[in-house]
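In what follows, chain A forms one complex with chain B and a second complex with chain C.
Coming up: the complex of A and B.
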């Protein structure tokens, strides 16, 4: 089984850890995020008609920009899942900023954007037009860590694109 | 909708209330009007208040039954999610309540826990003792084996207790997991686990290890490029070995030998050699997995590490320089001690000689080995000099110095030397001192005898004087005195004549006497270191002429000379005896005259 490293990137409080918790059964406590700055989990993803694939998910502590430690954590990653909070438009800008930074070291990584907190869609600040515009450049998934909507789809999309 | 409706309802009572209030101000209202007014003004609030009261009463009623309903409610928790939720909700207060209960009533907790903890403790102690007994058995068994002796030698060489070495060799360790991790991504390239261990998320663990390594390296080793080498938690140890493309993480229980670390380094190098040889190849191919498996399986690693450790112990190449250094140091130490011993022996030898030296009292020797030597003591001026004794002592170029203070010794040898110096005895005198008694013996001139007898008793250290001295005899003087006597006596021994030149009958006896005395005189002259002259003298009576008498005297002197010569007496120079005449004697005799002359 092939294994790929996937890094979760996004601003503080956008729901990265919740998305990972929804996606995998965690081995390590979330306290590592505040101490070491990262928490690693893994999950096998079944792909229809193809060999299953294992994603090693690096949940990197939320921040608006990458520092030295954060860049180290990105090394060797094959996929990036950018996470933004739909109720905070600024978090979308942070996610895109993180994408720009990570492109320097990971030019070939596959990327997807998860706009989280779909359960609070009536309070979203991110306009549908903005998302429509973004969909022209990268896959965008509207997700809810609370309900689980769109979570599997986002990870499955990345896995499908990683699979040979 | 709801908000607008309620607004209309509120406005209508307010208008009625205003009318009622106006009526009340104009006249006194009947009693029923108050109730109506109250209803108009406070009806809404009263209804809300009644509802609240009813709700409170219901809640109180419910709470009264809570203790009865709660067990049933908890038992009714059917699904796991509900149970977990209740457990989570109760965790904090229950924990707090337990803490408070423990603080308030420890004894009750002890009473409850004691029956549980006691057996657990006993079981734990029994297990520990069993292990200890097993270790002791192993140690005792190994004490009488070749391996035990080797361990003893190892302990002796390492300077550690034997038990420590036994424990080191007997300590078991186990390798639980070996991770081969891609350096950049932190993904697992290969994983080996000991049999029987539960499954774990190896990718997550490898990722976290990589993240921890990055975190530590970036946090504390940024400038020095340091890396996380090992982590120890309790009995568990994680070794991290870093390579350019892959890292090894080894999870160990117990105390591993250093040889294992070296072996892991070697294996990581071999893996990198393989990775470099197949740089374009995926390191996760089955072929590579087989290679990684053979290189990293824990039982093989433990076995190989054990062999390496034993091999290193057998080789021990680095022991020889150490042994050589130890030998050199031991030789230097031995030489130093020997040198000190030799020095001390020489000092002791000198001390013995000094203590035995008459006229010297040794107070001490100040000695610094092969550097300085000073002798302190009391020295009698009449004692034998110490310089030859000091010079004869070999101190390797160190010249002994003498720090002496004068004193008078009563040692017999010194007193004897003192008597010799003061009395200055002649050659024929012997001086000896024993137990303070001065013994004088031999012969000496009388003058010296007189002086010595007077001074001997005053010599320091002489308790009494014992003398057997005799006056000395001078052969020269004696011989000269004897010669003088002979000079006087020779004329009285005369040879008589009957007529002119006819000797009397006893003339031969007289000549013999004269000849014997003449020879003695010649001997005495030799002793007395003088020259003697022998002259034969003839004499006559006054009858006859002067010429006749003179001829007669000469004839008689000549006869005596011939007679003496016939008896072996010649002149002192070996020639014929001189002759002379004695005209005044008036007798018909001849005699021998002796004349003594000093040696020129």
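Coming up: the complex of A and C.
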């Protein structure tokens, strides 16, 4: 089975670990526990009409993902899932900034953006028009690690684009 | 420089033991194809069992060359333990060395957690403060608008009261006259008493109704119709001549019409103006004459009401137009509302009002009114135009009764209606075939209506969106509008308002452009 490395990138507290937990184990914990270093998980993804593939998901600590150490974590990745928190507009800028930086070492990685915490949409700072604009550049998914909305779709989109 | 002497062997042994104990080193030596050749240490420390352990290690080096050194700090393994992972090239194979980083990770995590929590809490706090400020401002705005609404309501009730009282005053006036002529005896007198009783009852009922209707307020629109001036003059004469003559005051109404077409006015308001002016004149005149001249000439209606009453002194000329102020015309009955209402009505009709008066000699009010344009009537009619047929609506509500109610209402209005019962269905349906109007409940199970609205908007849906909610707070409304809705309606639905909102939605008016439009919702 083909295996691809996928890195989660985004500011701290946006829900990267929660998205991975939802995707890999279908679990959710509301408690925020900051990630130090990296946690590696994997999951097979079924693709309609094609061979399934295995995603090895690197849940990299928020921020500092691209200081010297972070570059090490990114090497060899073929997919990036940028994560922003809809309730913190600044985290969207962080995610896009991380994308620009990672493009230097990963020019060919497939990329998607997950704007997380859709369950708190009433408190979102990110405007729908902003995401409509971003969609011209990259696939955008509104996700909720709590409810699971959009999570499978975001990973599936990356997997589909990794498949030959 | 002298070479550093070797450490005493006892110290070296101690150091080695300590470091080994703390670092739990695990060394795995591989051939170039991940063939395990040697193993030092305990793989169980990192949860690397024989079945999955090798796969877990291989996953770490996907996409990385195995012929150079690699250094991956703080890698959390499936048993939750953290290690620094080093790959040491040793052609033709390589070694993978794991050193325990659990203690260090926990220390870093604790520090980092404090920092991150502080930042996240700070963000939440500043948002909460922002929200509180908004709430305070909103409360302030609401307080101001309540005060305004209250003042308006009071004025409206006063106006209504006055409108009821004026004709009743006339009824009572005639009763009085008739009663005097009949000398209080016989069947006719009894009949008049019955009329008086019932008129009094009607008056009480009217007052009760007004009390009951205090909740409703709002400015009424003008209703332009062709006015029969001859009939108006005759009515005025019939209403006021007996009242005036009863006081020994001469009374006349003269009409001069030079235009061929009848004037267009809001007849009720026009009558109110003249009736109020004449009531005022009758009230304050005890001798001489009251004259009313109506002239319809050069496209303007002028109303001239002159009396030989007590007059108004110069200092009170402005204040007589204020409510509850009789401007020095003391010693009379009445709430002092008539002139304030006259002025308000004339302003509404874009007319002019002038007052001439001499204390002790009389008062003259001159009113000039331009007729109302007929166009106003037409535009009022077009506002209530029927809906175009075949407009596509998508109704989303998990309550089948509400969904059906909305469906029936919309079909009645000529819409073509589809129904969805949750947000995901709504998104799929609106994406497959975008409706012209989406009506969506905010409190849907699972993904909320607002989340669906947000997603549709962020995917470029450009149709109109009306959200429906059982929550009637400004915050809830704002959240919906922020998510991308154009209108916000609260349940239970007010059908008139519903139809109004649908009309505005189709005309492309959003609440943002008309912020008060739906606030009452």
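Criterion: the second predicted complex is superposed on the first by the 150 of 164 C-alpha atoms of A that agree within 3 Å, B and C clash if a C-alpha of one lies under 4 Å from a C-alpha of the other, contacts with A are read in each partner's own complex, and residues count from 1 in each chain.
Just so we're on the same page, contacts are C-beta pairs under 8 Å (C-beta built on N, C-alpha and C of every residue); 3 or more make two chains touch, one makes a residue touch a chain.
The model shown is predicted, which means the values in this text are computed figures rather than measured ones.
Novice: On the A-aligned overlay, A:38 touches which partner chain: chain B = first, chain C = second, or both, or neither?
Specialist: both
Novice: Comparing chain B against chain C, which has contacts with more of the residues in chain A?
Specialist: C
Novice: With both complexes overlaid on chain A, does A:13 touch chain B (first), chain C (second), both or neither?
Specialist: second
Novice: Now for A:56: first (chain B), second (chain C), both, or neither, which partner does it touch?
Specialist: A:56 sits against chain B and chain C alike.
Novice: Tell me the contact category for A:129 with respect to chain B and chain C: first, second, both or neither.
Specialist: The second partner, chain C, only.
Novice: Does chain B (first) or chain C (second) touch A:137, or do both, or does neither?
Specialist: Neither chain B nor chain C is touched by A:137.
Novice: Touch check for A:72: first (chain B), second (chain C), both, or neither?
Specialist: Both chain B and chain C are touched by A:72.
Novice: Across the two complexes, find the residues of chain A that touch chain B and also touch chain C.
Specialist: 3-5, 32, 36-40, 42, 56, 69, 72-73, 75-78
Novice: Which stretch or stretches of chain C touch chain A in the complex?
Specialist: So the residues of chain C touching chain A come out as 56, 59-64, 70-76, 82, 101, 105, 108-109, 112-113, 116-117, 119-120, 123, 127, 446-448, 450-451, 454-455, 457-460, 479, 482-484.
Novice: Report the residues of chain A in contact with chain B in the complex, numbered from low to high.
Specialist: Those in contact with chain B are residues 2-5, 27-28, 32, 36-42, 54, 56, 58, 68-69, 72-73, 75-78.
Novice: Note which residues of chain B are touching chain A in the complex, please.
Specialist: 182-188, 200-201, 203-205, 207-208, 211-212, 214-215, 218-219, 284
Novice: Mind listing the chain A positions that touch chain C in their complex?
Specialist: Of all residues in chain A, those touching chain C are 3-5, 12-13, 32-40, 42, 56, 61-62, 69, 72-73, 75-78, 88, 118-119, 121-124, 127-129, 131-132, 135, 140, 142, 147, 149.
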